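Common to both upcoming complexes is chain A, partnered first by chain B, then by chain C.
Moving on, here comes the complex of A and B:
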């Protein structure tokens, strides 16, 4: 969350510098705004909407009741490369969502160990196993060519989406 | 079936060669008494070059992993391994693993302690438009753990660090500091006033 905000502040600062250099002196507020009350939350409704464990707990529960979806070292003190990792993560999530359309049971977990990129996913048994194998090989091959690093997919299949509660 | 029998035999022959290379006396003794082996019987450990080529071995020297060199090994007074992570429990288990590895390898573990965590806070506006008085705060916590190992040789340190680094969990960063004793450089070994190089000032 904070890393995407940092990226937004970087973009905003670039825009402000361009604007101020072009001799127009309008002010833009430079802090990224985020609605903490509504971010990554599914609001309580009638009681018929199924919700997974990941969706049920709010972002302030990360570290206490939830784990991290993307594990890398660039957000630690004294480490850099956070913005690049965020962009890679966003691309990988969209790629997986599109490649395995309708098969994802829950959010993808992305782990980085040295040069290796591990994508852990839980899928619904919607396709034949041979089709899953083909898509896994295709994803691994394409992503390793894009990012110039070994990419591994660890997949687990489930009969249907695991519901934690109904909101 | 024949192929795998052949491969088993070739692996057995390979092991004979390695043992023959490192411990010639023991190998000779073993071959005298080694008639119980069904595949070899009283076969001598010498293997033809054609057989070696089939196994893909170019030289016997490349088989053994131990290398000897003339220069002395580097000595380190202290090897300090500092790991950083977002999750304290992950660092706990890594500390247990690293201290166990050090104990098993026979390295003297001096101490394993936890430096103070570092928190980076960010205060942002809560709303997209106006409401300046209402802000939101985020923080990023970095936990640390340091393991200090004292009086270790260069090759032991390299082996230990390689093992530790290969098993580093994701989301954990490591910093290694090695402390060693160096010789004082020649030009400051003796004070200048002893050699009479200094000229008296004033006077």
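Moving on, here comes the complex of A and C:
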């Protein structure tokens, strides 16, 4: 058994050397390491970092101290379309983050009532109301054309971000 | 540096010109441009600082948010005007001091302003009793009265013996379609159909597991066609065909054997033969051996034999229960005069 192992390692070394020396150059691809225990968590710092309620509680608090940011029926038994809804949600969040850059006070809440897509957002009063109205109209129009469904934005504004605690 | 600052400002100025917003924004932008142009000779840092301070100072003094709607609400206002349809929670429109969330240590749950938890949950602020009354009033003109002749369940079943069920689905998503919508279930009681004995037995045999003996209901479920209308037509067609076929008598139905019978029949059964045999032997101990039609009928007509027949039928058709077995015991005892 030892001899066979030695033979195998010799073979492996030969093969890898051949591969690296040959013109094919096939390398290993790997993704960035996304650890589950570091997702959506703001680590405790010196005590001067303001943090909202949403950011303060970690993902394992969902269902206990936090609600759900996105609601639709596709996750129920016997319903389909869950993957499509998730992809739509991700796109909508990035779109809103980019369109209302620097104005978002907190995460976006997405609700689906039948065909209707409702995006609830809390904004900081950074832009003029007329600009906000323009951007709301622009978003609604564009997203309803993308997704072929009526899109409504329900917006609230606050003077500054609502701080829950300082980490 | 100054040029790059002025160019976007100029373009936004043009846009604002098109927006009739008032002089405010125009003056602010023109002031920003004038500041940057005046200070173009000075150092870069002081210019940007001044521009920033000037802009921010103006912004703070100009942007005063109005008072929330809750301040101007009377106690007897029309709430259906505040929340006419389903909408997310608006803290400036709901005059309740609601708090939601997990409190910080030695603190209270966060207030309603900017509270995302209150926005996340569904609310029923648009469905107060007053709102529902208004909905009902509006819908009344489209409703018709229930027919007064159908005031009990039995009458409904008598006049409308066939029940057709189908499902509608509502879900959140871009598509309305759900393939399970095409399934149609048809239920009918065989007692409401015009069937004689042979037709009823044949129908039950033809429908196999679609017939439920306890409730005497025939259930036909169709889902083979793509549309609900087609499935409904197919179900009605199946019912019609079953009915007509069960009334017909085919030539090969004469060959029905004892094993095909649905119920146990005592006439011509081995049990009857055995009883006759036994009784004849009991009698023939004394008299001569003669098996005639007359004696056979006479024997079968005796009340003890009839009772035995009843208990046998009950045992075989209904199954073995305590009382059935007791009755069988009594009948056998009476038969043999024990």
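Heads up, the rule we're going with is that the second predicted complex is superposed on the first by the 132 of 167 C-alpha atoms of A that agree within 3 Å, B and C clash if a C-alpha of one lies under 4 Å from a C-alpha of the other, contacts with A are read in each partner's own complex, and residues count from 1 in each chain.
The definition used in the following text is that a contact is a pair of C-beta atoms (placed from the backbone, for glycine too) under 8 Å apart; a residue touches a chain by one contact, two chains touch by 3 or more.
If you're wondering where the values come from, they're calculated on a predicted model, not measured in any experiment.
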### Task
Considering only touches as defined above, state whether A:111 meets chain B (first), chain C (second), both or neither.
both
### Partner contacting more residues of chain A (chain B vs chain C)
C
### Query
Looking at the overlay, what does A:36 touch: chain B (first), chain C (second), both, or neither?
first
#### Entry: Partner chain(s) touched by A:77 [first = chain B, second = chain C, both, neither]
first
### Message
So in the superposed three-chain picture, is A:63 touching just chain B, just chain C, both, or none of them (first/second/both/neither)?
### Response
first
### Message
Under the stated touch criterion, which partner chain does A:122 make contact with: chain B (first), chain C (second), both, or neither?
### Response
second
### Task
Indicate the residue numbers of chain A shared between its chain B interface and its chain C interface, in ascending order.
68, 71-73, 79, 111-114, 118
## Note on the structure
Interface with chain B, chain A side, in the complex: residues 1-2, 5, 29, 31-37, 63, 68, 71-73, 75-79, 111-114, 118
### Message
If we count contacts the way the header does, which residues on chain A are in touch with chain C in the complex?
### Response
52-54, 57, 65-69, 71-74, 79, 81, 84-85, 105-107, 109, 111-115, 118, 120, 122, 125, 128, 130, 147-149, 154, 156-159, 161-162, 164-165
### Task
Flag every residue of chain C that touches chain A in the complex, lowest number first.
19, 21, 25, 63, 65, 86-88, 90-92, 101-102, 104, 110, 113-117, 119-122, 170-176
### Task
Could you please specify the touching residues of chain B with respect to chain A in the complex?
84-87, 118, 120, 122, 124-128, 136, 138, 140-142, 168-173
